[in-house]
Every structure is written in structure tokens, then in C-alpha cells.
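So, here come the structures, one by one.
Here chain A shows up in two complexes: once beside chain B, once beside chain C.
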Partner chain A sequence: MMFSLRRVNAIFQKDYKEFSRNMAVSSVIFMPPILAAIYGRMGIDSIESHYLIINMTFAMITAYVQCCLIAEEKEKNTLRGLMLSPATTGEILSGKSLLSFLLTGVVIVISAFLSEYKPENITVVAIAIILSSFFYIGLGTLLGLFAKSVMEASVLVIPAMILFSFGSFITKLAVQYPILKVANYLPNIQLIELATEVENGAHFGDVLSQLAGIIIWVMIIWLLTVVTYRKRMVD
Partner chain B sequence: MGNIIEVKSLEKIFANKSAIESVDFTVKKGEIFGFLGPSGSGKTTTIKILTGQLNPTSGMAKVFGEPVSKLKNPEYRQRFGVLTDNSGLYSRLSIYDNLKLYCKLYDAPLSKIDEVLAIVNLNEAKLKKVSTLSKGMMQRVTLARALIHEPELLFLDEPTSALDPTNSLHIHEGLRALNAKGTTIFLTTHDMQEADTLCDRIAFLNRGKIQLLDTPNKLKQSYTNSTMTVELTSGEKVTLPTGADGAHELFAYMKAEEIVTIHSNEPTLGEVFVQVTGRKLA
Partner chain C sequence: MSLTFVNAEKHINDTIVFPAFDLSVKAGCITAIHSSVNVRAQLIDLLIGNTLLSNGNIQVGKDDIRNGIRNIGFLFLEDGLYDRLSVEEMLFFYKRLYDTDLLVNESMRKIQLDTKRKTKIGQLSYSEKKRVQFACLLLQNPDVYLLEEFDQNLDMESKKIVLLLLQQLRSEGKSIVMLTGNMESAVIAADEIYRLDDQGLHQVQLETDMEEEGMKDDVSKAADLVQPVRFEKIPTKVNEKIVLFDPPEIDYIESNDGQSFIHIKGESFVSPFTLKELEERLLPFGFFRSHRSYIVNLQKVREVITWTRNSFSLVLDDSEKSTIPLSKTKMAELKNMLGFK
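After this line comes the complex of A and B, so read on.
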């Protein structure tokens, strides 16, 4: 059976309508732009501050919204309806991810504009941000599959939000606690490293290791997500 | 006519407790097959196995001639529809938007929405938000959703349990029309009247085992006590055997023009179930 964009689009449209009527979840999209506007007005212009906003967008919007979208389907027993339909795993997961992906893109662009972040090499940074968003969508989907309700999803996603929004602070503590050096391999830290290199004049070929690091995270999280999803298809 | 469902020695055990054991039956293409039993008898477990939502512990279950494990294949999912008691709806969307999603998922034309809403008597409410609907209306929407792609095989788990008699009758008509077009229906219900009027064959499930399987008429006939009740003009009710002995007496009453009504004393399906299982359907 062919991959059906019609089915992906149908799931996306349904999610968009439901999301736009769910203020409890949709209101989080205003947080990063507000923070970005404050940073912009205060004249804060470091890579860490720009990426605090971007990583916060990933954690608060990409992962959280995605997690809630999946958890709500489970809570209302609608995910089973999708699973029993002719839509493939790929079509369902793509359709369910599209809204979070587009929201992430729009919020990051608006936040970057408000905080006056202008990357030296926008193509490389855009690729890294798109890859990172795949990781956070996978993370949100995985957590959503484990949650039984939106309420539970909101709790489950908190550690991820802390780890990935403020991960750069953890690396600062690594001097005191060497074990925390492992945080350097997290996708959010890889993204900050890549952005720092780009600001120092690095080109695509110079940041391959950071991109590879993010890609490995994407592959691991989506492998776990697809396996978990398939398990959820059967009681 | 070929079998659309074949089940042999099917067993499902949950945490050392058997939900169904040694279940055998077949469902012929084009029939309405009733699966009757009290709560906890294994009806929903059987539907879940037959729709690929649950793996059996042992035994064989085939749908469309293929093992149920193949139902994970999207091509097979296009061919059946399911309504279970926990089928969910998108509460922030309208009835129309809920059905539109499923039209697109099943590649059905949007014109089907009005058609299925007519079957469940909900055409006038199609723009209502699902969150504002009563339980019965929601049940009708989930039924409409299961019908949207005109499946070859329809699994209905208590489809009229939350409905009033008028809407139940309306849905019975819709199901008969769908069946006349060729859809096979696998129906679980508590409603003996519903089973009696809709089903071509019925299986009684009790404590995970099939106790009886036949047409409603044969089930009732095989448990009849072969008597009839004659109501006389005097108001007296006389019970007579249906054989030759009763015929003479009946003839005498007829000759004397004393008869008001004659009723055969065949049991209802509910009574047959109680006789067979010693349990009430609830």
C-alpha cells in the first residue's frame, strides 16, 4: 500500500482543529516568543540565550504538545480507531507529528526575529533545527504513548522539559561533577555547540560531528517510538 | 456460501484466568451472526481477537480466510468495521468533522457522511459538537463511523445498548439494509429481542465457552415444551399439548366457538439461555 498524503493531511487537519480549541495546551506556544521579546528588548545577545529559547521551544512546544496530542488520543480511545483504520503506522505518526513540526518552525522563526538572532549560516542552523525537531517530536510521541491521560502526559514531560530546556546549565556543573560531562552528548547541547561553531565561521563540513550526534538521537528515539507504538496496537 | 470467520479451539488466558476456552464457530459470508452472553462471558475478548487487537493464547482464528495476525495489514483493515463500547470520538469536533476524518482514512467519498447519518437518524445534528451529545447520540455516531466505508464485515459490540426503542428500531432497519447489500455482521448483544429479529444464527457464550449455536427458531423449538395456551371466552386459559391429544380438545373448543386466542408456548431466547446456562443475561 502506498504512503497516502490524503490520510496524513486528514489527521493533521483534525489535530489542528482540536488543538486550536484546546486552550489549555495551545496557550504554551506564546511562552517562547514572550521570552524572546523580553531578551530582545534587554539586548541579551549570546548564543546560550538564543538557544535557551530554541531549546525551550523544543521542550515546551514540540515535545509537550506532541505528548499531549498522543496522550489525548489514548485517553479518549481514539488512537485505537486510527490504528484499526487502513492508515499505516507511518501515515498515522506523520499525520500526528505534522502539527507539532509546523508549530515548532513558526515559533522558532518568530522567537528568533524577536530576540534578533541572525545565524551566520542560516542553512546549516536550519538543518540542525529541523533534525532536532524530529528528535523532540519522537520524544513527545514516546512519552505520549506511555501516558494514559493528558494529565499524566503533562507530568511525564516535565523531566524532559527541564533536561532539554536548561541542559546547558548542567554542562556548567560538569566541572564540579565530572559525571555530568555525559550531558555534552545530549541533542540540545550538540545543537548549541553547532550554533557556536557556525557563529565562529564554521561551514557544513565543520559541524558534521554535531549533526551526526543529533541524527543518532533521532534514530534512537524513533526506533523506540515505533516499537512502542506497534506494541500499543495490541492489548 | 463461504466462511468469512473461522474460529477453532480459540483460547485466551489473562493472568491465569481463562477469558475464553475451546471456542469453535464459523460465520458465513452475508449472515448476521449473534454472539450472546452475560457480561464477562468473553464476547469483547473474542471481538478483540478477531479484529487483531488482542493475540489469542492458543487456537486458530481466521478472518477473510487469513489468520488474524494478518489483520495488522492495512489492506485487511479496509475490509472490516468495528464498533466497541470503548470506541472514542473527538469531542471538540462536530459529528461531521469526526466522520470526515474517517471518510478520508478509508478513502470513502464525503457523500457517505449523509448516508450513514441517515441510518443512525442523526442528519439534523451533524454540525453539533460531540461534547454536547448524549451517550445514545455518541453511540450512534460511532456506529455511523463504523459504517462509513461499507465494510464487508462489521463487528458490533452492543450497538444499541444506550439507545431508546425508536432509535434501536431505526438502526435495526439500517443494519438489515446493509446486510442485504452483502455486509456480514458479527453482533454481540444483551437484547434478546434484537438477536431474535436480526440474527440468522446465534451462539450462546457462557463462562468463555459456546453452549449452543443455531438459528433463533431452532434454538427456541429445541427447548419448547410442546404445549399451547388457549384463551377461552369464559376468560379461562387452558394449556394443551401440541400433538394429536391436544388436537381433539382444541377442535372441541373451536366447534363450541369458545376460543379467543391460541398461543404456542415456545420459550423466548432469554428463557432458552437461562435453561441452558442457569444464568441470566445481564
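After this line comes the complex of A and C, so read on.
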């Protein structure tokens, strides 16, 4: 069957309307800009604090919203209707991912503006951020497959939120506990490393290793998601 | 297009859900399959493609169901609607999802919710939600409609609207299958009724051959009805006890699987007599055979409902407001009794 953009668009619009009317979930999008505004006014502009906000956006908005969108369909028995419709799984997930992707983009731009973050090389940073958002969308989808309701989704997403938004503190702990060095390979830390390099005047060629790191994470998470999806849907 | 079960059989481990049966659901016909909840759930899983038959196959038209199920439209008992969308938005979503040319306004008018087009689905009543679900199904426009307990807990108005819609769909040549555990709703809506259980598939006879049966019974009746004493109470069996009831206490009597069940204040008791015998005994007390498998106490009837031109129900004045099917021929008879011309 052909991949139909009309159906993706229909699902996207439906999810947008549902999301905007569900204040319990949609109010999280105000968190990062508010924090960014406070940071900006306080004059904090270290690269870590900018990325604390960006990584928080990824965990709290991208992953959480994606997770809730999927969990809610399951909770309200609407997923069955969607699966029986001509829409393929790819189309259903694309429609949902499109919403969380656009939300992430908008919130990151607003937050960066408020916290006065101006990267030296905007293309490289933008590519890295877009790649990272694919990782978090995958993470959200994976958690959404496990959650049976929005309530469960909110609980499941908390560990991910802690790990990925405050993950930059782990690097400091790693000085004391060498075992934590593994954490340096997490996608959020890779993103911070990349941004630091960029601030030091690095170009596209210099940050390939970090970009590759993020791409590997994207592939791992989507592989896991697809495997879990196949398993869960057979039951 | 028709839905055909060929030698379909399902068992889970050692338990037989249903033995092999053949059934062809014709186009332009409403077929009811009366079954337990478990059998119903299994049938739905099979049709969705979640499980496979142990043996045999199911076909839609000429295609095996395993090759895709695009031509069946399902109406599930759980609504599966988006509470935060308005009726209109929900229907537009389905229109886009199924990419149809059918008009949203048209389907909204058919379920008579045009006045509530802007209302959020979460604020609708249960029956109205069911109607929205129906409208989604109409937009989907499948060849085979599969309805799971569609009239459970529906209010009168919605039931009428839905039954009328089903008549329309039937005249358009759609095949409609209703899965239900409620014989009354099957009798009211369907043309053909089957019972499916671990004994297999059996057709439940509707009223057409009622007259013949009456003739047959006449012969044996004369012998049976010699009673030494005039005795008016109706005996029923509860476990090993025999309980006697005064006829005016009885709400209605239903025959199921050749057994007569006497319904009194929401409870049912098995009677050793056939419906024919009970009818003879109860006629003097103002009882009325409203349908091949129902006798009703006319004193308890509150309302006569006309669903469509040839399907009717009686609503009783008991605590559960039971509805009893009333067949077309009996409707004429009842009108006579009531003095209508």
C-alpha cells in the first residue's frame, strides 16, 4: 500500500487537537521556556545550562508527549480502530511523531531565544538537534508501547527524564567513580560535547564522531522499538 | 458481497470454542449470531485477524480473510472515540483516514446529531456516542458490517435511529452480522438468527412455521388437557423444589432451547411445560402469545413500540422495563384485541 501523506496529515491534525485540549499533558511545553527565561535574566549562559534546557525539552516534551499520545490511544481503545483502518503502522507513527517533532522544534527555538543561546555554527547544531529528536521520539514510542495508560506513561517517563535532562551531572560524578565514564557515550552528553566543540570554533568535519554517536543511538532505539512493536502486537 | 465461513472450527488447547460449521451471510440480509461472551470474543478476534481458525477458513466475497480485512466494518462494544474531539471533527478525521467521498453532513444527519456537531464527544451520552460510532462506520462504507451488541443499553430514540439505518443498509445490499447474547435484540433486528456454541451452529426458527407447529400440537393437546381439578397456579422447578406461582404475578414467559422460562420480578424460573401448553392455561388470565417464543402478561404491558414498519416490541411495566418482541402477525391480532381497526 502507498504511503499516504493525507492520512498522516489527518492523524497529525487529530492528535494536535486532542493534545491542545488535554491540559494535563500539554502544559509541560511551558516548562522549558520559563526556565530558559529565568536563566536568561539571571545571566547564566554556560553551555551546560543551555543544554540542560534543551535536553530537558527532549525528555519532557519529545519523549513524554510521544509516549502519552501512544498510551492514550491504547487506554481509550482507539488504537484498534486505527489499526483496522487503511492507515499503516508507519503512517500512524509518522503522524504522531510529526506532532512531537514540531513541538520540540518550536520549544527549542523559543527557549534558545529566551536564554540567549547563539551557537557559533548554527547548521551543525541544528543537524545534531534534529538527529537527537529522532532518538527521543523513538524512546517515547518505545515507552508508549509498554505503558497501558497515560498515568503509566507519566511514571515510565520519569527515569528517562532524570537520566537525560540531568545527565550532564554524571560526568562530574565520573571523576570520583570511574565506572560512570560509560555515561559519556549517552546521546545527551554527546550533544553537549558537540556543542562545546562548536563553541570552540569546530566545523562539520570535527564533530563527526559525536554525530555518529547520536546516529548510532537513533538506530539502536528504533531497532528496539520495532522489535518490541512486533512482539506486542502479536499478543 | 458476502461473508462466508467454510468448515470453520476453533478450539483452544482441549476446549472446543465451536466445532466446525458452515455459514454464508448473504448480501442484503441481517444475520444474528447469538452466542456467549467468550464465543463472541473469539469470533471478533478471528475476524480482526488476531487469531487464526484451528481449521477451515473465512472468506469475504472471494478473498480469504487472512489476506486483509479491508471490507469489514466493525462496531465494537467499547466505543473507541476521541473524547476531546467534537462530533464533526471526529467524523472528518474518519473521512480523511478512509479517504472517502461520502459526506460528513450526510452521515451526521443520518444519526440525527447535526444539532450537536460542535459538542465534544466526551460530553455526549452513551447512546449518542454509539450513534457517532455508527456514523464513523457509515463513512467507512464497508461491504460487511459486523456489530457487537449494538443495542446494549441504548435509549429508545437511538435504538430506533440505528434500526432504521440497518434497514437502509440492508436495502443497499450490505451484509450485516450482529453478534449478541441477547435473544430479544436479535429477534427485533435480524432476518436470520443462529445460535453458536460448543455444540455447533443451529438456526433459530422464526415465526414463519408457527402455524404448522400449532396444527401438530392440536392432536396431542386433547389428551394432555384432562385435568381432574380446576387448578390455576403455574408450577416451576427450582433445583428440586416445585414452586407455584399465581398467573397475575408472571411478567412474561420465554422459550429458549425448548425450555420455557417464566420471568417474575426480574428472576426466571424453569417451567416443565411447553409454551403451547402454557398459552392454553394462561389465555383466560389475559396472557398473549406475542411471538413464537414469547408469551406476555398483557396486564403488565405499558407500551407498544414500533421500530420499523414490521418490527415491534412490547415494553413491560416491571422493574427492568423488559422489552419483548412482538411479531408482525401478532401485532395485527393485538390491535384487534385493543379495539383498533
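Everything that follows uses one rule, which is that the second predicted complex is superposed on the first by the 235 of 235 C-alpha atoms of A that agree within 3 Å, B and C clash if a C-alpha of one lies under 4 Å from a C-alpha of the other, contacts with A are read in each partner's own complex, and residues count from 1 in each chain.
By definition in this document, a contact is a pair of C-beta atoms (placed from the backbone, for glycine too) under 8 Å apart; a residue touches a chain by one contact, two chains touch by 3 or more.
Since the model is a prediction, treat every value here as computed from it, not as a measurement.
Undergrad: For the overlay on chain A, clash or fit between chain B and chain C?
TA: Result for chain B and chain C: clash.
Undergrad: Regarding the shared-chain residue A:L84, is it in contact with chain B (first), chain C (second), both, or neither?
TA: So A:L84 meets both chain B and chain C here.
Undergrad: Which partner does A:P178 reach: the first (chain B), the second (chain C), both, or neither?
TA: neither
Undergrad: Please indicate which partner A:K14 is in contact with in the superposed arrangement: first for chain B, second for chain C, both, or neither.
TA: A:K14 contacts both chain B and chain C.
Undergrad: For A:R6, is the partner it touches chain B (first), chain C (second), both, or none of the two (neither)?
TA: In the superposed model, A:R6 contacts both chain B and chain C.
Undergrad: Between chain B (first) and chain C (second), which, if any, makes contact with A:G201: first, second, both or neither?
TA: So A:G201 meets neither chain B nor chain C here.
Undergrad: Where on chain A do the contacts with chain B and the contacts with chain C coincide?
TA: On chain A, the overlap between the chain B and chain C contacts is residues 4, 6-7, 9-11, 13-14, 17-18, 21-22, 76-78, 80-82, 84-87.
Undergrad: For chain C, which residues are in contact with chain A within the complex?
TA: Interface residues on chain C, with respect to chain A: 48, 69-70, 74, 76, 78-85, 89, 93, 96-99, 136, 140.
Undergrad: Which bits of chain A are touching chain C when the two form their complex?
TA: 4, 6-7, 9-11, 13-14, 17-18, 21-22, 76-78, 80-82, 84-87
Undergrad: Which part of chain B faces chain A closely enough to touch in the complex?
TA: 48, 51-55, 72, 74-75, 77-78, 82, 86-93, 97, 100-102, 104-107, 145
Undergrad: Enumerate the contact residues on chain A facing chain B in the complex.
TA: Touching chain B: residues 1, 4, 6-7, 9-11, 13-14, 17-18, 21-22, 76-78, 80-82, 84-88, 233-235 of chain A.
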